[in-house]
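Chain nomenclature is as follows: A, B, C and D, assigned in order of appearance, with residue numbering initiated at 1 for each chain independently.
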Amino acid sequence: MNGNEFGRLFRVTTHGESHGPAMGVTVSGCPAGIALSEEDVQRELDRRKPGQSMITTSRNEPDAVEIHSGLQDGYTTGTPIGMTIQNKDSRSGKYEPFVTAPRPSHGDFTYSAKFGTRNWGGGGRSSARETVNWVAAGAIAGKILEREGIEVKAHVNQIGEIRAPKVSFEQLLEHTEENPVRCAHPETAEQMRERIEEYQAEGDSIGGSIYFETRGVPRGLGAPRFDSVPARLGRALMAVPAATGFEFGLGRSARERTGSERNEDWTTNDDGDPVPVGNDHGGIQGGITTGQPIYGEVTLHAPTSIPKSQTTVDWETGEQKEIQVIGRHDPVLPPRGVPVVEAMVNLTLVDFLLLSGRLNPDRLDDQPGEYDTAYHPRSPENK
Amino acid sequence: MNGNEFGRLFRVTTHGESHGPAMGVTVSGCPAGIALSEEDVQRELDRRKPGQSMITTSRNEPDAVEIHSGLQDGYTTGTPIGMTIQNKDSRSGKYEPFVTAPRPSHGDFTYSAKFGTRNWGGGGRSSARETVNWVAAGAIAGKILEREGIEVKAHVNQIGEIRAPKVSFEQLLEHTEENPVRCAHPETAEQMRERIEEYQAEGDSIGGSIYFETRGVPRGLGAPRFDSVPARLGRALMAVPAATGFEFGLGRSARERTGSERNEDWTTNDDGDPVPVGNDHGGIQGGITTGQPIYGEVTLHAPTSIPKSQTTVDWETGEQKEIQVIGRHDPVLPPRGVPVVEAMVNLTLVDFLLLSGRLNPDRLDDQPGEYDTAYHPRSPENK
Amino acid sequence: MNGNEFGRLFRVTTHGESHGPAMGVTVSGCPAGIALSEEDVQRELDRRKPGQSMITTSRNEPDAVEIHSGLQDGYTTGTPIGMTIQNKDSRSGKYEPFVTAPRPSHGDFTYSAKFGTRNWGGGGRSSARETVNWVAAGAIAGKILEREGIEVKAHVNQIGEIRAPKVSFEQLLEHTEENPVRCAHPETAEQMRERIEEYQAEGDSIGGSIYFETRGVPRGLGAPRFDSVPARLGRALMAVPAATGFEFGLGRSARERTGSERNEDWTTNDDGDPVPVGNDHGGIQGGITTGQPIYGEVTLHAPTSIPKSQTTVDWETGEQKEIQVIGRHDPVLPPRGVPVVEAMVNLTLVDFLLLSGRLNPDRLDDQPGEYDTAYHPRSPENK
Amino acid sequence: MNGNEFGRLFRVTTHGESHGPAMGVTVSGCPAGIALSEEDVQRELDRRKPGQSMITTSRNEPDAVEIHSGLQDGYTTGTPIGMTIQNKDSRSGKYEPFVTAPRPSHGDFTYSAKFGTRNWGGGGRSSARETVNWVAAGAIAGKILEREGIEVKAHVNQIGEIRAPKVSFEQLLEHTEENPVRCAHPETAEQMRERIEEYQAEGDSIGGSIYFETRGVPRGLGAPRFDSVPARLGRALMAVPAATGFEFGLGRSARERTGSERNEDWTTNDDGDPVPVGNDHGGIQGGITTGQPIYGEVTLHAPTSIPKSQTTVDWETGEQKEIQVIGRHDPVLPPRGVPVVEAMVNLTLVDFLLLSGRLNPDRLDDQPGEYDTAYHPRSPENK
């Protein structure tokens, strides 16, 4: 059974294993008329790619995207956009000890139990390398959101017990990309970095979390109940490898608030529209957006690939053995997870925009039935 | 846009508004050969129904289910099962003040902003009354799980700041239904009940959470990545009205654990199979079940309908006004939410069983192509 | 496995067996703001219902629809519309001889082979009674098409070897409902009626076909290739019970035409738009609508329930036996199939309108984000 | 809106334009354990590829497939299979005259009307080049069918007015691939070839049809009503470019048969099972397979690209002009359509096998939960 598809109108279909020939993603249902280039996608892939700093894996992947279809003269055509990212630096050999001796807390055993087999090089399909496809698709969604005046930004708000203070959306935009931890609070980022290096030195890894926030999401998105915004975000963000928790608004702490504390009176904004006086509701009421910022958190457990000695069982021989997962692994997931979370929020929002009629599924100019040449000038280079 | 469908092979399609003529649910894709009666469904509906105790709404609904199709002589036939639950005690009139003056933190405004209109009696489609459909469908899923030796049980583990100690699965089974709070720890349940009544007396409400756990789920379920078990549970449980957070395994606290703390060595069980030495992984590795119990928590915010005075704005007149949402409302959601959470976990698991080939989508006896009479004796009462 | 769902955004989910308690259909994804009453649906059900004339079954079903949800003050609210049609005149007893002795060319054997069981009264789920759900849903789709200026009309163009001459769309509208055969060419209708009565008198039945045509379908609908208009109509119309062929445009005869004969030059219409000089293309080029009328034909084989003596085998005893399917059966399907074909075309077109951005999935007024009271006046009768 | 996805469990997602960089297809939901190589796919692509004979286009495409994922040591792993076919011989320049002057009866105008733009080189997305993806996916489905003992074979049974006599399944297997027309009746094939060359010499093209037949399809497949076998085949085969009609069993001629002629008595086979005495029902009763061969026909209209002079309108200038579609075009579609039709039938059948529980969606060996190494020997070449 497959699980490689996401979205209802703006759809993503992925393939690829960590050490296979290539990763690939098809974006189906992207409307025509969006300016798009390989550079737009590459920019996001570069944020996710390995080897960015001392606290990420040293696997050397250019993660260069090729777009195979769906464009004409720099604009989307409404037809499916196929993208491929070649795997260049896979070294499967070192995974051979684990073919029948599952690494602790990885997907080795469960994949083999499900399928009777697995692509075992580098974790194969269970590897977080899959998220390169998500970021590529999310970059296209991001182009649409940009055009609609919608912003999505995430940062790392906790590593181990080090938690960043609340930061403003402006701080998110300004500081997140300044440091290798991707924490928008520079002092905390520095503490996090130091702490990560300590774990790394010990041959260990550590958990953490990612906070995300939006601006400009219009009211009226979401389709209760099974396709409410929380339900869809819940699926999108709990699909992120290593996610163990998702919250929005007050999240887990809502359990300790009374109704009178959490409820928000209505007032009017400058347009004379009703608006809630606060945003403890996290931008969503009754499963539908209110127009206030959506915000939430995703918890990611510590990376399971650690050099420390651990014990496994070989299912062919039945023997226990000590192993070390030595390789090129991240000591912490959130820094590279930031673009992944942004991508999944992007994809979710664009799908809702299409489903709620804010965007025309066929074309952004919203003039159905008009044949024109707006996006396909007879450019010399296209002949 | 609709959001009333759940599941990929075991599918649920719902309709109904709180104060409309009837609620209804169609279960599509249920295999043939399951013994099923209206009583099986009614039993679960009775656990969710209003008016069970002093700490639930006094709305008087029998919630009597009628099964319209999909049965022959007490067994499912593999064809869709239609069910209807009439609404008997709706009193829409008292909601008239809120037609254009949204209740704080309800879905009144967002539904109207989305659709331009709404069924406003009793919250209409945004009401948690919708979950009667989920529980009805979940009861059928529960019959299948029972047959497969799979158990799903939930209880209320927190109300406000009162948190139950960890209880065993046996305690869950034994104590949950003994008290109106549905907390499996009797002493805590009593404290919770008292505290709820205090909030109730103050015209207020309070948040809380529900813990769930499984037994007997086989290894190998789940389809990474977008349809991993966490992703599917994330959607299922974040769809629950008032849910603001979902966690499984170590959940939110995983952010503070190192890899070496959280990783679990492999040992062998009595069958000689590899098993992890612990269950911090919550029954899921690489998005796929390990065969260990799945457990998690859902946070539900405080009910938004409270008698305390609050402020709203009438969007027709533009005027602010004080309102009280006086009616028949729950002061806390988790006690009646327990069967809802169980239903959603049931539905998710049965769908995975079908998708993973553990169950035959057509028939439970797994003998495709054999015509027989096993489930349709020529009973006199059927003629 | 279920097969009771149709449509991608405008979705139909059905349940019910011929002799079960009730038929039911949920229409999900219908936008808000459509004037709709039970009478609108009833009018179409009455066209399909049994007992209309001597050449239809005499089963006495009022086919009275109840709408359970999705309306406020006579307008749709954007939430799912649940409908139930009670079965009143089922007499299962006479089907008992066929429980293990399948009727020739019915679904008795195949349903039992698939599911190991079946609801055997009156054909159960395999009965064309299911189409009552389709017509109910199609009536709602028809209301939307009417508002968009789109017309869909079908008539019976062949019964046995009697074929109606080509009729104009105006003739379709004017004459189809005038005679019990639903053939828009009155003289042919009369010949057909006589011929049908002859077959009926012989205890036999006869095949035929239904022609359909549209007006006002805009250009640009359809999503090649798997969701092209022909592909979607192909599924919709081959799902009709007894359908053995579907054609559009030149249909089967296109195999004998050269490219130069079939190709149509482009000219301009009054608006200066390019239009093809003919309509051999049947309103569809490259899988997408051109704005010209769509037209096609569906072949329905003869009803399989006939009083003539036939031979079957009892799978319990292994013995052959002679049977007569005596009951209340149609001698020919197309007359009652006309509203069914129209319903399926309606449903297909509305789904395409939504998918192509012509209609807003949330609301017809196309002002997303505006909360208003347009469709929910505080009417006294609603309180 | 996209239309590039097919299947419910065995899923196909495609992308690519005729003259874009590459075509691509992702097969999702293929069970683990199927022996598969690029050669298996290439063999089928070679049957469809251009330049095979004088009566096909001379476009020179190697159509070499690369498999990017989903394999381990020559067996499928249950994870998505990504495939890419590079476009090597695209010459877009000659299509420039048609950017705003639609070719008669092509998709030029409708694509531009739908999307406001289009990839215009070689027909872009509307080109039948898309079917290279279908054949690649269908080859994988074919491997599964082969393993299950199911055969699907098609041939060209009509070109213009030349119709082949009925041939046996053995003849289909033996003769279809012997001649460039792919007609299993050699004498007729020769006549067809001559006639095609005449049309070709006249700068014209001609329509035709493809007949298909199956062996070994088990009884019990299909999910009435919307997912009945005829409904699914109807969608699959009407999606084929240029299809204007689909029939199965008696097809269109069923309209002239009486019930007593078409109905088939039941007898018993060697196993003592009930079987119909004939196969006018085309292997399907009540929408579900009977176990008899499924057979049917697809009509394909004449290719629309012809050198003969035709008239179009330029929508920028509003002027009519004479055009000739000179290029590398097929004079007739059925010969290269044979593998396309087979592919679509293959895909439909495999999906039904999965949906009906005949095949385990996760793995063919049907031992859920068993981790093994059957399909992933530690081969040296894989390290």
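The working rule: contacts are C-beta pairs under 8 Å (C-beta built on N, C-alpha and C of every residue); 3 or more make two chains touch, one makes a residue touch a chain.
On a predicted model such as this, the values are computed, not experimentally measured, just so you know.
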Legend entry - Chain whose mean Cα position lies farthest from subunit A: C
Legend entry - More contacts between chains, A-D or A-C: A-D
Inset, instruction - Return the distance between the CA-based centres of subunit C and subunit D, expressed in whole Å. - result: 27
Inset, instruction - Please report how many Å separate the Cα centroid of subunit A from that of subunit C, as a whole number. - result: 44
Legend entry - Centre distance in Å when subunit A and subunit D are each reduced to the mean of their C-alpha atoms: 36
Inset, instruction - Return the residues of subunit A touching two or more other chains; collapse runs of consecutive numbers into ranges. - result: 1-2, 4-5, 9, 14, 109, 113-114, 125, 219-220, 274, 291, 315, 355-357, 361-363, 368-369, 371
Legend entry - Residues on subunit A engaged by subunit C in the complex (per definition of touch): 9, 218-220, 274, 291, 355-363, 366, 368-369, 371
Legend entry - Contact set on subunit A toward subunit D in their complex: 1-2, 4-5, 9, 11, 13-17, 20-24, 26, 28-29, 32-33, 66-72, 75, 77-82, 84, 92-93, 96, 99-100, 109, 112-121, 124-125, 315-316, 361-363, 365, 367-376, 378, 382-383
Legend entry - Residue ranges of subunit B in contact with subunit A within the complex: 1-6, 14, 101-102, 104-111, 113-114, 125-126, 130, 158-161, 199, 204-209, 219-228, 230-239, 241, 243-252, 254-268, 272-274, 276, 281-282, 284-291, 299-306, 308, 310-313, 315, 318, 320, 355-357
